[in-house]
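Each of the next two complexes has subunit A plus one other chain: subunit B in the first, subunit C in the second.
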Partner chain A sequence: MPVDTKRLRGPEESQSPWLFVEQEQQSPPDEREDGRRKGQVDVRPIFARCGLVSQAKGSAYIESGKTKVICSVYGPRETERKDETDMKFGRLVCTFRFAPFSCAKRCGWIQSTQEKDLSMALLGSLHPGLCLHRYPRSQIDVSVLVLENDGSALAHAVTCASLALADAGIEMYDLVLGCSLRQEGSDYLLDPTFAEETQEPATESTENRGGMMVALLPSLNQVSGLLCSGDLEQQPLVEAVAACIEGCQRIYSVAQRCLLTAVKKKNPPPDG
Partner chain B sequence: YLHVALLFWQQVILCHCTLDDLRVDGRSCEDYRYVEVETDVVSNTSGSARVKLGHTDILVGIKAEIGRPKLDRPNKGCLEFFVDCSANATPEFEGRGGEELGTEIANALYRVYDNERSVDLKSLCITPMEHCWILYTDVLLLQCDGNLFDAISLAIKAALLTPSKIPKVQMMEDEEGTTEIELSDDPFDCVRLNTENVPCIVTLCKIGQRHVVDATLQEKACSVASLLVSVTSKGTITCVRKIGGGSLDPESIYEMIETGKRVGKALHAPLQDILNKEESLGKSREKVGFIG
Partner chain C sequence: MNTNSLTQAPWHQTTVEPLEYHRKFLKENCRPDGRELGEFRTTTLNIGSITTADGSALVKLGNTTIICGIKGELAAPPADAPDKGYIVPNVDLPPLCSSRFRPGPPGEQAQAASQFIADVIENSEMLQREDLCIEKGKLSWVLYCDIICLDYDGNILDACIIALLASMKNVQLPEVHVNEQTGLAEVNMKKKRHLNIVKHPVAASFAVFDNSILIVDPTSDEENLSTGFITVVIDEEEKLCTVHKPGGTPLSNEKLQDCINRAITRNKEVCKLLNKVMKSMKAK
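Here is the complex of A and B:
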């Protein structure tokens, strides 16, 4: 474990007291905590806005339920590292971070393995959407910070990052939209909250449980990212991917409108 | 990483051949290369295996140590993965060169084995909240010739499957309430993991219009995106992940999942057979080791 010596630290190990509380929640079947239905393509309402970090080339903020994600894009600028591929294609660098207070458990300042993994997944999802051949010898930095994690953080990070890239004027083939899903037995929960993502099953049976994130290029209908783990049969898995794709399409119009507003704000139409 | 320079015409030929279910080395699209597995190759481990898949060469050693269970999983042991890309495999891995690839593989492995059924983690718990077995799984890449994920998963499965030397442990509590760990004296008194549901990874590379399993480095250079599918012997899928810089259309993802499931399911039985055979030979088995 890397130890952080620069900041004042608490004890070596500490735990949130809430972890010791026995949790018992029984939601009636067919109904989710926030009133959405199981097994339906029902995403939380999304609020998105571009251009709020003034120093960055482009930035975006997304709020969906209680999940709040902010992303800023810097570059294209000259790369530090140079190898053969950098000469022809631009390099995309993604950093995914949870703010220390964003999750139920406090996250450290040092990037954890989970954050590294999510950074790579983010990179893989964004990469197909960008025209990196238009930026030889340069580097584009994307940094995503999750301010509050109430589930589906990666999916919203993907959407948020692609909005920020578009806001920065980086040439892209298409927007990249993300959607998550939680499979519980024969039902799926689209765009799950944190409680739904982490809850223990009510029954002992562990069949067909798992989480999934799909990133989609909506107008090309191409899947640019797919990340799924759990214990799934083929049929539910395929259905879950299809549901996620539909979920991505649902937020397309919100993303488009957000970009339109940002462009209008930057270049106000002449009066008259 | 690991770039192979192919001329444009070579790529075109490769893509066209794949359409006709033909590959450069004479395999069909769903064939694996010749696989060699040897278990129990390193004596200091609780289980070890070496897998050769074409020229890809993987060594896996598992060491079991006693530690504290994670707080959010108080009654389970855990698996830890570390992938070392040694400079033996390719000079590009020298220094910190292989680090990125190493973490990528390790993170994928965490996802593949992170579910209730693949490894019975509850059997690794000694006392809830206090002590559990941690299986440190170290993967060494000795040679890389494409399809690292599949070879690594085979090696991990083989290493877990070997009569692992996880000794039986009892917790003794005296009157003052302090606990003591008591190890069994008999070295053969070991716990054996149930490895029936340990998944194998199948990586499918999309080349042109079709997808192939077990791609060589040349084939990988022609593909923009691949899909990693991990399948248990019963055919349940524990992990799907897109790797590579390209995108895939939904239809081909569904096809690739189906192929992955079929190929992955078929992969388990021969491996199990070979390992059973190897175990039945016992000490009389001829060890091949590293020069074979």
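Here is the complex of A and C:
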């Protein structure tokens, strides 16, 4: 671990108290904890709000179950590094971070490799949705911070980032919505919570166990990002993608309503 | 002065000649957002929203939004103080909160804020570090207080202190015993207790304008135009914990006394708010 000289340091090593709790061996429950169904497209209800960071050009906050994600967009502004490609297209820079208190085990302040990987995934998912050719020689900065991680952090980050981009007035082809899924054997769990994402399997077999995240442009019905991990056979994989796409379509109306409210608040209709 | 006109203030006044714009208001003893010179912005407090943290608080001071999350971890106590635990505050000003901050390691302002918070915790003795010791020389708690700014509109030090205080009061740590035979810790997550917070320090920040006028709770624009800053931290027994004056315009004795008096009233306001929010949480 590199020594972080710019922050106040505590002890060299410290451990989370969760490591010392007696773990009761629990088999994964048959029912999902919050009452949603297995093998059905049941996403958690979403609370979305735009325009809450006064300093940012555009911002959005999403709460889904206990997962809380906030995003700010700054730009278009002058790009810091100039290459040839910038002359024709704008540059999109995404930063994805977990707050140190967002997971059960504390994350450090320095951006870990997982966060860098998720930043790249976020960039790849958002890129096709934006009209970057309209912003040559400019840079758009998207910063996502996960305040509490209760599963599907990246999927909600994608949705949050595209709401913030729309709130900032950046020209887009379509919103980009994200949905993730966890496959356990023959059933899938849509929009998994953190416990469901990390639970121990019931059986020893590793067949058909994995996770997936799909980023979709709903009205164009195009997939802009697909991340899959684990061991899935062809048929369950195809069904999982279809389920995620259906999940994204369900969120679409909530996202649209949130943007409408934000626009109406910014520009109230003239009286009379 | 018609302060409703501030929302439609001509662009050139706020951007090209901001100092003149502010001076016009100060002559009438008020500020562009309609506040008086000694008035704080509306403070809202939300406690315990982050369930993964042991204690959390979200503070909004006008537009400035700060979130503080405290996580407790276990570690061996320091070699020079085997009966004490650790409290590690850190303030982060991410590029999310304002366009003036760039991604990367914390800048000067964030580091200065972290050090300020550490000084306040130590000087005010709001928490005894001995309370954090589980077994002398073997095991103690480390409280990581991570403070993140979500929206930077000036006066983060005040908001950080309120957030820290509120989340400390919200922290619930599980009971830990050290097993004599194995030497390992045994944690009982079902039994939790609050921290023993003995003092309640509250900060009041002031900006000095034109070397003479003191305004309380500056916004980001007012901070940029000011010629000096001072932050006074007072606890509930009207005792002075910290005075932070990083250079800037020199202040006379009377002005300093004015600041201290204002900070005393601010402490009472904030403690009242804090008690109200804690009571409403217990009622749930």
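By definition in this document, the second predicted complex is superposed on the first by the 261 of 272 C-alpha atoms of A that agree within 3 Å, B and C clash if a C-alpha of one lies under 4 Å from a C-alpha of the other, contacts with A are read in each partner's own complex, and residues count from 1 in each chain.
In this text, a residue touches a chain if its C-beta (ideal position, glycine included) is under 8 Å from a C-beta of that chain, and two chains touch if they have at least 3 such contacts.
Fair warning: this is a prediction, and the values are worked out from it, not measured in the lab.
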When subunit B and subunit C are modelled together on subunit A, clash or fit: fit
Superposed arrangement, angle subtended at the Cα centre of subunit A by subunit B and subunit C, nearest 10 degrees: 120
First (subunit B), second (subunit C), both or neither touched by A:S186: neither
First, second, both or neither for A:M120, with subunit B first and subunit C second: first
First (subunit B), second (subunit C), both or neither touched by A:L147: second
Touching partner for A:S54 - first (subunit B), second (subunit C), both, neither: second
Partner chain(s) touched by A:Q15 [first = subunit B, second = subunit C, both, neither]: both
First (subunit B), second (subunit C), both or neither touched by A:A242: first
Touched partner set for A:C228, first subunit B, second subunit C, both or neither: first
Nearest Cα pair across subunit B and subunit C, whole Å: 13
Doubly contacted subunit A residues - partners subunit C and subunit B: 15
Subunit B-facing residues of subunit A, complex: 15, 19, 84-85, 113, 116-117, 120, 124, 127-129, 206-207, 209-210, 212, 217, 220-234, 237-238, 241-242, 245
Subunit C-facing residues of subunit A, complex: 4, 6-11, 13-18, 20-22, 52-56, 66, 68, 70-72, 74, 77, 95, 97, 99-104, 106, 109, 141, 143, 145, 147-150
Residues of subunit C defined as touching subunit A within the complex: 49-53, 56, 63, 65, 67, 69-76, 78, 86, 88-90, 92, 94-99, 103, 105-106, 111, 114-115, 118, 142, 144, 146, 148, 150-153, 174, 176, 184-189, 220
For the subunit B and subunit A complex, residues of the former touching the latter: 3, 71-72, 103-104, 106-107, 110-112, 114-118, 225, 227, 235-250, 253-254, 257-258, 261
